[in-house]
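Note that the chains take the letters A, B, C and D in the order they are written out, and that residue 1 is the start of every chain.
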Amino acid sequence: MSDASHDARRRYSYLGPAGTFTEAALKQVPEAAGQEWCPVANLGEALDDVITGCSDAAMIAIENSIDGGVTVAQDALATISGLRIIGEYLVPVRFVLVARPGTKLEDVGVVAAHPVAYGQCRAWLDDQIPRHRHLPATSNVQAAVDLVAADSSVDAAIAPPGIEEHYDVEVLAEGIAENPDAVTRFVLVGRTAPVAPPTGADKTSLIVELPEDRSGALLELLEQFAARGVNLTLLASRPIGDRMGRYRFVIDAEGHVMDERVADALLGVKRYSPRVVFLGSYPRADRVAATTRRVHDDETFRDARDWLRGVIEGTPDGDA
Amino acid sequence: MSDASHDARRRYSYLGPAGTFTEAALKQVPEAAGQEWCPVANLGEALDDVITGCSDAAMIAIENSIDGGVTVAQDALATISGLRIIGEYLVPVRFVLVARPGTKLEDVGVVAAHPVAYGQCRAWLDDQIPRHRHLPATSNVQAAVDLVAADSSVDAAIAPPGIEEHYDVEVLAEGIAENPDAVTRFVLVGRTAPVAPPTGADKTSLIVELPEDRSGALLELLEQFAARGVNLTLLASRPIGDRMGRYRFVIDAEGHVMDERVADALLGVKRYSPRVVFLGSYPRADRVAATTRRVHDDETFRDARDWLRGVIEGTPDGDA
Amino acid sequence: MSDASHDARRRYSYLGPAGTFTEAALKQVPEAAGQEWCPVANLGEALDDVITGCSDAAMIAIENSIDGGVTVAQDALATISGLRIIGEYLVPVRFVLVARPGTKLEDVGVVAAHPVAYGQCRAWLDDQIPRHRHLPATSNVQAAVDLVAADSSVDAAIAPPGIEEHYDVEVLAEGIAENPDAVTRFVLVGRTAPVAPPTGADKTSLIVELPEDRSGALLELLEQFAARGVNLTLLASRPIGDRMGRYRFVIDAEGHVMDERVADALLGVKRYSPRVVFLGSYPRADRVAATTRRVHDDETFRDARDWLRGVIEGTPDGDA
Amino acid sequence: MSDASHDARRRYSYLGPAGTFTEAALKQVPEAAGQEWCPVANLGEALDDVITGCSDAAMIAIENSIDGGVTVAQDALATISGLRIIGEYLVPVRFVLVARPGTKLEDVGVVAAHPVAYGQCRAWLDDQIPRHRHLPATSNVQAAVDLVAADSSVDAAIAPPGIEEHYDVEVLAEGIAENPDAVTRFVLVGRTAPVAPPTGADKTSLIVELPEDRSGALLELLEQFAARGVNLTLLASRPIGDRMGRYRFVIDAEGHVMDERVADALLGVKRYSPRVVFLGSYPRADRVAATTRRVHDDETFRDARDWLRGVIEGTPDGDA
């Protein structure tokens, strides 16, 4: 297990089997090329691999997920400690309908599909195969795997494009998802380590719990960011789970924890919140730099600190 | 179909089969007693029944759902027009593990379960049956139904307590869900109609889209409520779905649309938002009245309007 | 006193004598031309004339005052009921130094001046007449009047340009005020009467007391305006006078009380504040229309009310 | 001038002559006892004495002033650099009416009084001496001085209690001011020097200009304080003077610049404002400690900084 080849290569876990959108995300990571890729059955395994040191990183779907993502992943990052997001990747969401070779569209009765994929393709299915029935599958690729199994009661499956290269299936229809512009956002997750320096186009992810005893608490939380000119690209509420009406918030903020305005906002959030989980500062998938006004520049923050020091020390014209 | 007995009885759709948590919610509705109850296969059918007039109302899970709820239901209410929430009900969430009679815990390999129910019980399963495999089911009761089917490859199923009264199964373990205090919130949904008058302990549900072009837009939305002393009991973000980063918000506010402060907040929200869906004002399941300060009382609102009228008309001492 | 000629003509009180900046403001009122003008000795007399019905209106300095204005006038409007501002006028502030004919600058020892005028001209005096002494006068014109009195111990006086047309004085220097762009803002005050309709470029003046028991009260007050897109052109704090630390605020807001956004802001302020005095909505001196966004238009307010009515009545598509 | 005795003693300037409220304030300063006290004619001289080093400190009225204070003093502190407030003192405001020995109330025609004192006593004068005339004086004590001058045309003067011990006058009436609880707030002003450490019950004074180009700018300024739980005990607007509608704000905040929450608020204000003048942190006259919530404690600020450092360095459980 600990032979030289293992030591030399990095190991990446991802939701398999080969052909998933998650694998497509992992293909976008230059550092992962030529390293060991380990397909796993679900999110829990992927994160366990990282926590235990079995893998160096795991690629997981985090938003608008197709392969089981979003809330499960958000809740996992909120509750499992020792993890850090180190990269972000976008994968376009496209679906094809596949069947065993020779099957015709009019023969299709039972369609296997991951529930989220099914939701995205339901309008097309209702229109084209009004009498179809849906059989839930655990992943989009698994639906295709089930399809070709010997004893399958499934007639067709919803799967990612390219699935026909991996499995003995035929494409009955392409582009069957409702929204042609849909993408899934993936994050690469490693173990807690020093934050990599800013690239100029970064994102910072947090989980924040609100103090219980105050209405308007979310308003105050948002003001911590707004007051420093820090835009949020994601704000999702998740029940904490101990009782109805208690939420934590999953937050993606523009900028890097080493940007003065982000650091200052995080200090404000930390003072205010009973629990903050810092999930990481990492380069944005879209490489778009945050737009800030001069008042929120690093230099403005440093000038203000210099001024305050002068004021306290009684430097002449410290108030100019 | 349109015989007298049908006309005379109200019809309620709910996620079946008998024994689901949804049926337990419907049992809490006094008006539904003795009326026609219609089990359906999924949320879409339930809402279709209401829209088409086939049913008078549908009971659906809306938050912390076990039977498929939350996001699917929220998105359905956000996009299907002509619906109104008319009641709210809470059902405690408990699970049992059931099997065919004679099965022992150590024999269990494959466990059928709705994915959300599986998530709630996974800690117990990992501890007690470490080698188990999960087979997703479309509802908690359907898992039990599948279990007793002739050709079943399933060994056990996660189901609601009392399932053994409906099906030929044996309870292997009780109380296997992680959180003993968990509840699911259900809403009763009818067609759009005049809002029923306030009861003094009401809730108002909305779907609100944010204007695209402004950071801090959510902050402004929340201020519409905070400025009128209207507390929110739910704020959930949902992707609008047209592209990454665009959200709508599912909001439950304390109070009734005929309460002055709520009406005023809704006016503010409506002016501000490109799209607001009013989902209804209805009695709260917990019967807790909103706590407000005098500044947000109906009387204070009326006094202010009287004052303003006097000011414009030039009434002496209108400014007292 | 009640003869026909009195009945037929309107009467205007102003701080005299002839030649004051207040008279210059009154000359800007088209309706006042050819009517009866009544010079008075101080602000109290001017407002008493209006309250008692002796005059129809009084011109008073309200901001950046030279002739005794600002705080005294603000406090008077805050505490005397039955008054309304009906117009606003701007008068450029210029000063000349005058003396008895034959006096040379180097002979000047004692300079009579209203204290505020003295403050504006002090830099010039300190530079040109370093050894001068200041004798306070009750008005700028009174200083000149005192100068020409038989037994005067005054050598020179600060007065408005044109004073030499009214009194036997000689101008020693012109443009002696520090700020060549200074203006004084005057308001025309009448008795409480129905508000005149909007002109499209209006201002609304208020006096607002803050609730005692809450820090952040001013913040909440300002949010009432900001939330409706109502800009403030003046916000001045004045001690209420009952004890240290209690303030009322003198507020000028852009827009007219019949503009929906201003009316809504006033309703918010009225609900919130223990005491609001509406001083009037009147045309702006600078004729600049308020810039508003569509979200704060009258039409947007009306649309929102229509929507809310439809929502309560259950109109189909009321939520579109 | 520079003899040993001068070097050894501290010198305090104050608005004289002896008997003024300003002298009463100076008597409250323990360190000033036995030192050199220098009466001056006006605020400008008092501050000049400090700037030039002629005096070590000057006592000046700053709020609800009787002896010429408030706005003139606020504007002086806003524009003269090199000054610091080092102490705060409260003096009750009481007035007596005095006259030359033998004068009766019914003989009084002309009343000399500082305009502010006159305003406070006007209700009493209007009631008791309806036909009186007011002659403005430069200070309350000067009014009494003028009264006893050989060639005086003055019949009575408004002056502070105890004036009869300094001048040959008789008290005609006591307690003639409208508000028996009125106080004047004085500050002791020295040259810029290192800030003295916190006492636990301190105040911090600032002058802040707002950025020109943004409505809602004051709202943002106030939020800098509110977001850190820093209460304001004074917020006064003063025209900057360059043109109508531009204001600076005179701010007194609870707490000391070395309190973390105050320092953080000042950093926020400094980043935001085009010009901030720090006037000093000094013990409060009323010795009342600021009430803060735990979220704004020094310790909370330090904990947040420690957390952020751990987060950046990747310390395990830095997110706990």
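We adopt the following convention: a contact is a pair of C-beta atoms (placed from the backbone, for glycine too) under 8 Å apart; a residue touches a chain by one contact, two chains touch by 3 or more.
Bear in mind the structure is a predicted one, so any value in this text is a computation, not a measurement.
Asker: If we look at chain A and chain B, which chains touch each of them?
Answerer: Where chain A and chain B might share a partner, there is none at all.
Asker: Report, in whole Å, the distance between the mean C-alpha point of chain A and the mean C-alpha point of chain D.
Answerer: Once rounded, the distance between the two centres reads 57 Å.
Asker: Whole-Å distance, chain B centre to chain D centre, using C-alpha means?
Answerer: 60
Asker: Quick check: what residues of chain D touch more than one other chain, meaning two or more?
Answerer: 223
Asker: Edges wherever two chains touch, nodes for the chains themselves; is that graph a line, a ring, a star, complete, or other here?
Answerer: Drawn as a graph, the chains make one closed cycle, so a ring.
Asker: Flag every residue of chain C that touches chain B in the complex, lowest number first.
Answerer: Per the touch definition, chain C meets chain B at residues 81-82, 84, 192-195, 220, 223-224, 227, 257-258, 263, 266-268, 270-272, 276-278, 295-296, 300-301, 303-305, 307-308, 311-320.
Asker: What does chain B use to touch chain A in their complex?
Answerer: For chain B paired with chain A, touching residues are 63-64, 71-72, 90, 115, 119, 134, 136-138, 179, 181-183, 185, 215-216, 218-219, 222-223, 226, 231-237, 239, 241-245, 247.
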